[in-house]
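These notes are about the structure you will find just below.
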Amino acid sequence: MPVPAYNLYPDFNVLRLSHVEFKVKDLAASKKFYTDMIGLQVTDETDDRIYLRAMEERGHHCIVLQKADEAYAGALGFKVFAEEELDKAEAWFKERGKPTSWIERPYQGRTLLTEDCHGIPLEFYFKMERLPHIHQQYALYKGVKPLRIDHFNCFSPNVDESVAFYNEMGFRVTEYTEDEESKKLWAAWMHRKGGVHDMAFTNGLGPRLHHTAFWVPTPLDIINLLDLMSTSGYVANIERGPGRHGISNAFFLYILDPDGHRIEIYCSDYQTIDPDLEPIKWDLKDPQRQTLWGAPAPRSWFEHGSLFEGVEPRAAELNATPIIAP
Amino acid sequence: MPVPAYNLYPDFNVLRLSHVEFKVKDLAASKKFYTDMIGLQVTDETDDRIYLRAMEERGHHCIVLQKADEAYAGALGFKVFAEEELDKAEAWFKERGKPTSWIERPYQGRTLLTEDCHGIPLEFYFKMERLPHIHQQYALYKGVKPLRIDHFNCFSPNVDESVAFYNEMGFRVTEYTEDEESKKLWAAWMHRKGGVHDMAFTNGLGPRLHHTAFWVPTPLDIINLLDLMSTSGYVANIERGPGRHGISNAFFLYILDPDGHRIEIYCSDYQTIDPDLEPIKWDLKDPQRQTLWGAPAPRSWFEHGSLFEGVEPRAAELNATPIIAP
Amino acid sequence: MPVPAYNLYPDFNVLRLSHVEFKVKDLAASKKFYTDMIGLQVTDETDDRIYLRAMEERGHHCIVLQKADEAYAGALGFKVFAEEELDKAEAWFKERGKPTSWIERPYQGRTLLTEDCHGIPLEFYFKMERLPHIHQQYALYKGVKPLRIDHFNCFSPNVDESVAFYNEMGFRVTEYTEDEESKKLWAAWMHRKGGVHDMAFTNGLGPRLHHTAFWVPTPLDIINLLDLMSTSGYVANIERGPGRHGISNAFFLYILDPDGHRIEIYCSDYQTIDPDLEPIKWDLKDPQRQTLWGAPAPRSWFEHGSLFEGVEPRAAELNATPIIAP
Amino acid sequence: MPVPAYNLYPDFNVLRLSHVEFKVKDLAASKKFYTDMIGLQVTDETDDRIYLRAMEERGHHCIVLQKADEAYAGALGFKVFAEEELDKAEAWFKERGKPTSWIERPYQGRTLLTEDCHGIPLEFYFKMERLPHIHQQYALYKGVKPLRIDHFNCFSPNVDESVAFYNEMGFRVTEYTEDEESKKLWAAWMHRKGGVHDMAFTNGLGPRLHHTAFWVPTPLDIINLLDLMSTSGYVANIERGPGRHGISNAFFLYILDPDGHRIEIYCSDYQTIDPDLEPIKWDLKDPQRQTLWGAPAPRSWFEHGSLFEGVEPRAAELNATPIIAP
């Protein structure tokens, strides 16, 4: 059994994933995509940055778009349970020899910047400016009607190492894919907030950001988005789906933003708060693992990802091949 | 313009498509598929035949399963507007040199058997035993919750010829695909009952039955069917979809019954009763023609079909290739 | 049996309901309601008139808003099957002693104005300007995503008389409510185009227009409209629903426009094209007649309607009371 | 501000609501209701007890039906985070002078029975027999397709007292209704598991159980249930809905089981895990509080509830009246 036991009492308390910054080459094009197609709300806008939140969120931002010469993913942002958890986090990362620094982020309180075992930049904070709730201002709903950011998924050069690292931080594996030959992990889904995941890892050239996911109300909203994108000039940005994942049971769609940052539209996974929840194991060769309905993912889905700025990825150590669409 | 003008006053009045008989090798397996997955209701059952209807239908049958040594499609059944239309139909087919005969069909009144320009067996009737309505007996709903049979789609060795023949019968083209080089029809959708089609033709080895479609309430019922089939031993029977057709705008799924007879699950096309409705033209090379969202159909979808019993198909005359999934 | 037999071969061929003009007191307020909430598309706009169509329609207008000092309904518009049907219609109404005149209507060809047995103004035409299809321009979809106008419903002072009159015109009763004591009709649903109705009649002070209905894709679109209206200043315009009608099996919502013209949002009725379709009878005292789920309609629903301009209504002859919410 | 501050570090860690026992007079009738209409799965059945779970749950039961001479609600069951939390809970309740005992419950580990400030019987446990997951066995889905138990709602004779008591236990108020005159709480929603509530209180003769709620996938499943119940002999069991709550934003339906135990079918509330989430305040006189779409709840909804066995309710101290349907 390659999955470590759930660490019930971690050294510091990470509440949930929170936000990410995307470096984008054409700020106007990205704004159009994230507001008209995804349907995020602009909460602030400067010459080189746009802050966005989803309809149910009261924190100031879940996506920050920053104008840049090259497309990159910035640090993955996580909210902790209380101010003092930040200091515990700093100690924890220092103990593991990771660089830590306190950085300034607009609209956020004290923010710790550090990195994970493979160099993924991570950002922890407790306080973020709170905004009035717009959850029931239905006239504002657009695009796929995003309710909240749901999770990150990253390519990892060694998923076993990633899982061990995040498990120590208190992330718990809910589902995982094992390579039956090597008995090594090929992918794993790990949560803090009580869904299937806040963070997932997939075997591959890494670290890179595979995708960022948004939770939407129903599968019909995803179908509506497909109709909208395909008749508004975004048909080439549809990469995979719609479908039901075997893993997580979620209804999904994968699309690419104008810079190729991959966004998953996601709904209908399940509640995972029981401490004694048993992780579900999948075989890498099970076609229903990817898509319950049997359709394999396209090659691009296994190969393309966003680089983290300044982080050189390395090849995956595990050489195993999932089922790929021809 | 390769599409003939709508024949507003045809020689006889075909009301709508009505039913088809499938020859199946394992009657029990087929019954299970059509009642548990499709959700049709059994209206009669003998040792070698099962009669089925959809939830909204008051006629006795839309599908008849007949035990046989080989899988075939039987005659395509159409209901006419009145008893006397049958005699007009007989005259019309005789005039064109087609064989005609009056046959016995259980639960049907006078029934004319004949064939179209390429040999597709056709059956016309006016009276069929009427059954109590079960439309609002929601406890009976199963599977994909089929409301009514919607259309047939056939491979034709010469779509221009098929269209000309059915157009004379009063079927009107609502949408069509043209091969831009030869200016010949590659496919056409023709209706009588006021939707996009009762009958469609696709260029290919023919005549063969490409599929039979059922109308269902909403796209979510199709998603529910995918979940059900993929976890009930039918994952390999899912061929294509779900998706939105560019042509017809319908939300679709294609599945195969245990003998390979293809069934489309279909909803959300549009009303076509205006006599001055303009047909919509599509280019064979337009990827959104097949699927508005861009995904091409798999090769099997262009190649596989059901033979009509006793009818030898011949190769398509038009040699043109649509976009096919790799 | 109070329902006359279906007149299969009427003297002229009415195709379907088509449009209606509403006199409104505040053109800007009405425009906002019909474009933002209902989601109709403006096809022309002058100082005192706004023309609107639904997403699937290729004819120029289904609703015309006209600025006026008082709110009224104008003539109910119907499209006939061919130009020559208009002359047959003129003869038919003249024969019955009804006033007829040929009127000018922008964007329409020859248009016959006349009236029914109780004075409802009716307008028949064949040609209306055809517009490019926007059915698949999903970025234009707003509000409840209306696909097409579906039916009119009118208060009638004598439903038996209304039914006899329209039955002669070829409208066929699909469902009806009988007062069990008097054996008189309390309400009836009559179609031409193959759904449950193009025109319905309800016992009451009449003639008045009870409502005009729009067909929408799914029940979820109706739920979305409720969320939108109730948080955009239109909560008081929600009158009844959502619910499932026993009659017609349709999923419905009734709302009022700024002048009190009642609009039904409607989907999921059934196909009625079989000439031998048996009408369904309901008892006035059956609570599931109104709403399958049991909830009675509010009093306003039985009492409020739009006057036809210049037509004095008279009291209903049948004195019978349906179930009314307390 | 009548709502106490969130107690971030309570004396013991309650994970979530878990289960309840209903005393029912006709076990067969109740089984039929809970399996055919609600769609729960039987996990064990004896002569006088039936154990049920929802589709996503891996614990053995969320509802236990027990044959009895009178209909009552049993203890409300909660799962704690770890075995040792049970001992901390025992101490906590003893300190407050509440009776505590360790009881035997089939399929559960150590179980503490105690009561709240007004005498509601409460049951805490950590271990319950875990069952194989059936979340993706779609052929088992029936009725409204219940995914998991979501919350309890109780009448309280003094909501301020109830809120103070549970707040100390670590339940946090997410939304509340204040009587503007007395500045007292009329209702409050309190969560542990990260949704709008595990437990809610409503002013009224209490303590009594107002309802038990189940989470379902989408609003369409609720509409399907209405169609099913209203045509399967359960139309009189539909009490209120469907609708969107202003409070919680959830889509809801209230139905009564054969003994009058009220069940809410519920979906689409929001995530509440941020420690700094601001509670939302509603005015008792705001009609959109109850139902965003404006329809008031019927009188029965404010008056009817299930008695807890052996617990005498007393009148509410706050005398204030919400908007009630006439």
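Order of writing sets the labels: A, B, C and D. Residues in every chain begin at 1.
Here is the rule we go by: a contact is a pair of C-beta atoms (placed from the backbone, for glycine too) under 8 Å apart; a residue touches a chain by one contact, two chains touch by 3 or more.
This one's a predicted model, so the numbers in the text were calculated from it and none came from an experiment.
Just to note, of B-D and A-D, the chains joined by more C-beta pairs in contact are A-D.
Comparing mean CA positions across the assembly, the chain most remote from chain A is C.
If you average the CA atoms of chain A and of chain B, the two centres end up 44 Å from each other. Chain B and chain D have centres, each the mean of its CA atoms, that are 49 Å apart.
We define each chain's centre as the mean of its Cα atoms; on that basis chain A and chain D are separated by 33 Å. Of all residues in chain C, those that touch two or more other chains are 136, 218-220, 227, 230-231, 292. On the chain B side of its complex with chain A, the touching residues are 218-220, 223, 226-227, 229-231, 235-236, 238, 242, 244, 251, 287-288, 292-295, 325-326.
Contact residues of chain B toward chain D in the complex are 36, 136-139, 218, 220, 224, 227-228, 230-232. Here chain B touches chain C in the complex through residues 8, 15-16, 56, 58-59, 79, 81-82, 127, 130, 133, 135-136, 147-148, 193-194, 217-220, 246, 249, 268, 270-271, 273-278, 280, 292, going by the rule given at the top.
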